[in-house]
Amino acid sequence: MAERILNIGLVGAGRMGRLHAENIARRIPNARLHSVADVNEQAARLCASLHGECECVSTHLEMLDDPRLDAVVICSATDTHSQIIQDAARAGKHIFCEKPVALTLAETDAALRAVRDADVKLQLGFNQRFDATFRRVYDARASGEIGEPHLLHIISRDPAPPPLDYVKTSGGIFLDMTIHDFDMARFLLGAEVEQVYARANVLIQPAIGELGDYDTAMVMLNFTNGALATIENSRQAVYGYDQRVELLGSRGGVSSENHFPNAVTISNANFLRRDLPLNFFLERYITSYFHEMNAFVDAVLDDTPVPVSGDDGRIALVLGLAAKQSVEENRPVRVDEIA
Amino acid sequence: MAERILNIGLVGAGRMGRLHAENIARRIPNARLHSVADVNEQAARLCASLHGECECVSTHLEMLDDPRLDAVVICSATDTHSQIIQDAARAGKHIFCEKPVALTLAETDAALRAVRDADVKLQLGFNQRFDATFRRVYDARASGEIGEPHLLHIISRDPAPPPLDYVKTSGGIFLDMTIHDFDMARFLLGAEVEQVYARANVLIQPAIGELGDYDTAMVMLNFTNGALATIENSRQAVYGYDQRVELLGSRGGVSSENHFPNAVTISNANFLRRDLPLNFFLERYITSYFHEMNAFVDAVLDDTPVPVSGDDGRIALVLGLAAKQSVEENRPVRVDEIA
Amino acid sequence: MAERILNIGLVGAGRMGRLHAENIARRIPNARLHSVADVNEQAARLCASLHGECECVSTHLEMLDDPRLDAVVICSATDTHSQIIQDAARAGKHIFCEKPVALTLAETDAALRAVRDADVKLQLGFNQRFDATFRRVYDARASGEIGEPHLLHIISRDPAPPPLDYVKTSGGIFLDMTIHDFDMARFLLGAEVEQVYARANVLIQPAIGELGDYDTAMVMLNFTNGALATIENSRQAVYGYDQRVELLGSRGGVSSENHFPNAVTISNANFLRRDLPLNFFLERYITSYFHEMNAFVDAVLDDTPVPVSGDDGRIALVLGLAAKQSVEENRPVRVDEIA
Amino acid sequence: MAERILNIGLVGAGRMGRLHAENIARRIPNARLHSVADVNEQAARLCASLHGECECVSTHLEMLDDPRLDAVVICSATDTHSQIIQDAARAGKHIFCEKPVALTLAETDAALRAVRDADVKLQLGFNQRFDATFRRVYDARASGEIGEPHLLHIISRDPAPPPLDYVKTSGGIFLDMTIHDFDMARFLLGAEVEQVYARANVLIQPAIGELGDYDTAMVMLNFTNGALATIENSRQAVYGYDQRVELLGSRGGVSSENHFPNAVTISNANFLRRDLPLNFFLERYITSYFHEMNAFVDAVLDDTPVPVSGDDGRIALVLGLAAKQSVEENRPVRVDEIA
């Protein structure tokens, strides 16, 4: 039984890191939070202190030296992902990494090569695949309940634009925000994208435009199976975090609603009202983070394929780059132009 | 073909009368609005003038003298219903009468006896039976879709109390408002009531209480088939006219929503909102008035039973009287104590 | 008062013609169905016979000769619209015409020129603008309730593909089906389209593809005010007629649902179910046909602008042609390339 | 800081006990699962083993001897509650006890007296008060959002009848099932019940009737503030666990829906469907169990009143006894006849 416990090291003890730490330490019986590293030593120490036997180490390299460690969970800044993946792979550790692997194909490919060479597992943090609502949409298509998929529409809107400092290093709306929707589109349709056409504008915050980015975008995707998809992105839906999908198939349709903090409707002399949907992505997707980590632990312990591979991350990046190029050149861009 | 046209006389050209007149004159091909009578002669003339060949007569007695007339539609004041039914029955005319026949059993029974003696048809205006939504609830029970009925709940609320002058002559909340719900309960459950228990209060408008009436009531009914039902009445739901039912059966449940002026949801920074439901009973039930009249015309022309009989009206009155007595004596009242 | 009655001639007594005839004859007090013409004389005679004083004439030219006639309603085959409009305009009659004016810009422009030269009114049958649900979405934008519009999504799906004979003369999915959505997009956003990008496939019925047409399409539109819109079309949603829109603005969002035959939910041991939405466009939009005709009659009698102009029809045609070209050339097409 | 950790002993390590144990041990930072006792020693040992430093003791008396223990959580069989409460109170331990305290007023009063004499805290497990949905309904009333409460309707239905062995010792439907709804009615209305009228039948499982119990019930309640309430209970809603409330107030209404496993609607050629609501009370109310325990820990540590008192439990029992008597005697029963 002892070898059925996976010892995990956490690299990056920020908001996402702490959330994964809590799931690993408290909710996944066959996983143990073994050690924590963060460039901000205090953050690492705080996180470690919350979880009994967990060690605090200075760097991810020190962490990787520990032969008791089985796997790492990487939640550090995006620009460090590729290097840490490569280091972890060379140390023979399995890897869970927050998306994206990198903002360039070169760095992404370097990381993926190291993973392949070391024959370790790499799972990417496309947590929305593990959400019960999106999973039900997936099942409706994968089970044949709605027949062959024809038309997909994804709505993905944030409650408010991120800080401008974040925008600067985010890689832009397509690599930061739409990247989740690209993965969702492939996941829900069970097919690959052939061509991307995108349009984007700055309608919300001029400062975002001054940084060369957009706050409002629409993307159209052509899939190998003939399906067509559109993605709607906005950096600001004033009513909150809006994440819905709708899929039409040959034998039926499936659509998803947002999640709400309660199931209450109030009627007054002016209108019927509901409280706003769950407003924060961590709240909306809280159980999906648990399920993705659980799936990672199981895949490593059982030596089965991870449910979200490094290639899934690479393809989402390719689609993001294609969308960027499509907007710049105002033309559809074939995926094989990029990849 | 000519004898397939039913010549109808309208007694009472108020709001309800005009609505029935329009359906008869314009929407029911095998019915013709033959004549109109109203104690307010101007109202009768106005109504007649709107519908081409329609005659204006002084009294319902004059109307009944006309051998070309096949049937009457009675929309006059409640206290005239019983006499006009008796007169019409004796004249051999078929009768559609707005509910209730009367506020007393004696007058009701006199009318029903005349109808029986003359062997004419009498249909009562429980229009809600002809509403598509309530009909679907009925079908769910009658078809066996939800199995045997166990628990029924009816919500019936007005947007605002009626004028006090109306309250005075209405017979009270149970005979004026709940009477529709009594009929609906019997219709939906396909069974008869054995016992009534009711509680009522004055929570909205003290003046209603001063008239000896209530503005807020709950009624519990025991049915012959073992089903239990509750009815909720309020003279004032500030968000509008609220008419819903919910039925639990052994194999499923069925519930109905209100009808809305549009199918739109608006989200803003504070909440999600819908416009208020259709607020006025004529608007909410507009098509049901057409369907009930159509059914009456067909029943007369085809000589088939009317879908809502005089007995249905009598039973609803009995239940209303039982509810009144139950509140006064604070005890369950058996239907056979009244009937 | 006599001159306040509009005498209308109906050209084309098919399904749509009969519907308009009924509204004109029975529901619009200040309009009169004066005459009917149809190439199928029997159809014309049947329609006329249903509406008392209405004359049956042989051709639209004969109809236009009658000086008592004020206006014509054109519901004949699409390829006759332009000529009849020109004839009616020259005869000084006001015109209500079903969409589209024509399938080519040349014919459309000829008709519009004749209307302009004769200074008569021309209203086009974009009835969906008069639907209470879409009108509420429009109001939410026009009133500022949701702020500046950013992203619009239109879903428009038929229950089943039309007969192949119809497909042959329809002008293709973009001119036959999307044309309504193009008009709706302009109406809801209150702005004009700059550029169209469309993709389309044959996923439902191969025979449609053999005719050079598509059964599944997505269109992306750039608007002058910076808004982006997508339109989803399918010739077959097995659950029925699906017509929804969703609009995100700077201060809120608005979305519409389909209309249903009843407001009932049924729960059984397997799932919660609702009956399918209203399945037939005539049923779904029944009141909109009344409201558009009413608006036409009022505009003529009051000499005010019609709510849907010939130019609105022309622009929708331009967008349809642009979408066709975009699919063929797989590139975004600027509207000014066509117009 | 050390004294801010509450050491809790768990009495009864069945399903509910294990759920509370997990919340105490893993999710409430300032609580510690100190010891576990169960008449089934293996159950106690298993539960203790899951939570690191937790001791396994033989009896609740042994547990109460431990001076390090601050509080007990009682999840043993109902007929042991009163004695354990008395023992715990005498030992000076604070008490969280699953509902009901006892099935008789005598035992209940003995427990409450001991608690009062020892001046310890006693909180009862009416967890539904801590559910986000019911809390929102409560807030709508308590905040004045819907004005003065007039009419309350509670629907409470189980997915399937409990085992007959359970029914035998449950105290009957009113003490086992409706008791939650009695508490909810008082909680939502913020007032006390004056009179109870109840009707009940055996419509689902005759064997329940043979045990002298009912499987279908309706209760009507009169409140001190004039509000009227009805409760609907069924031991079997085939579509699952059904828990809804609806409250009409002078300035608005509020209603709650069930909770669902996902937010997805599927449309096919026959109907629109949703998956069934969360079917199991532990799943439906999972977060409420956390919140009630958290509230208990806070109340003890901060020496503030517990949110659900022993009196709340006593009153719910009184209402259950009144309902039983009302059914037996087919008459309204005043609460002061029982209490």
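So that you can tell them apart, the chains are marked A, B, C and D in the order they are listed, and the count of residues begins at 1 in each.
Going forward, a contact is a pair of C-beta atoms (placed from the backbone, for glycine too) under 8 Å apart; a residue touches a chain by one contact, two chains touch by 3 or more.
As the structure is a prediction and not an experimental result, all values here were calculated from the model.
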item: Graph distance between chain A and chain C, where chains that touch are linked; value: 1
item: Chain whose mean Cα position lies farthest from chain B; value: A
item: Inter-centroid spacing, chain D versus chain C (mean Cα positions, whole Å); value: 58
item: Averaged-CA centre spacing for the pair chain D and chain B, given as whole angstrom; value: 43
item: Centre-of-Cα separation between chain C and chain B, whole angstrom; value: 40
item: Overlap residues in chain C, where contacts from two or more other chains coincide; value: 237-239, 251-253, 267-269, 275
item: Complex interface listing, chain C residues touching chain D; value: 237-239, 267-277
item: Of all residues in chain D, those that touch chain B in their complex; value: 148, 150-151, 153, 155, 157, 197, 199, 201, 203-204, 216-218, 220, 222, 226-230, 232, 234, 236-239, 242, 246, 248, 250-253, 330-332
item: Contacting residues of chain B [partner chain C, same complex]; value: 26-27, 132-133, 135-137, 140, 145-146, 251-259, 261-269, 275
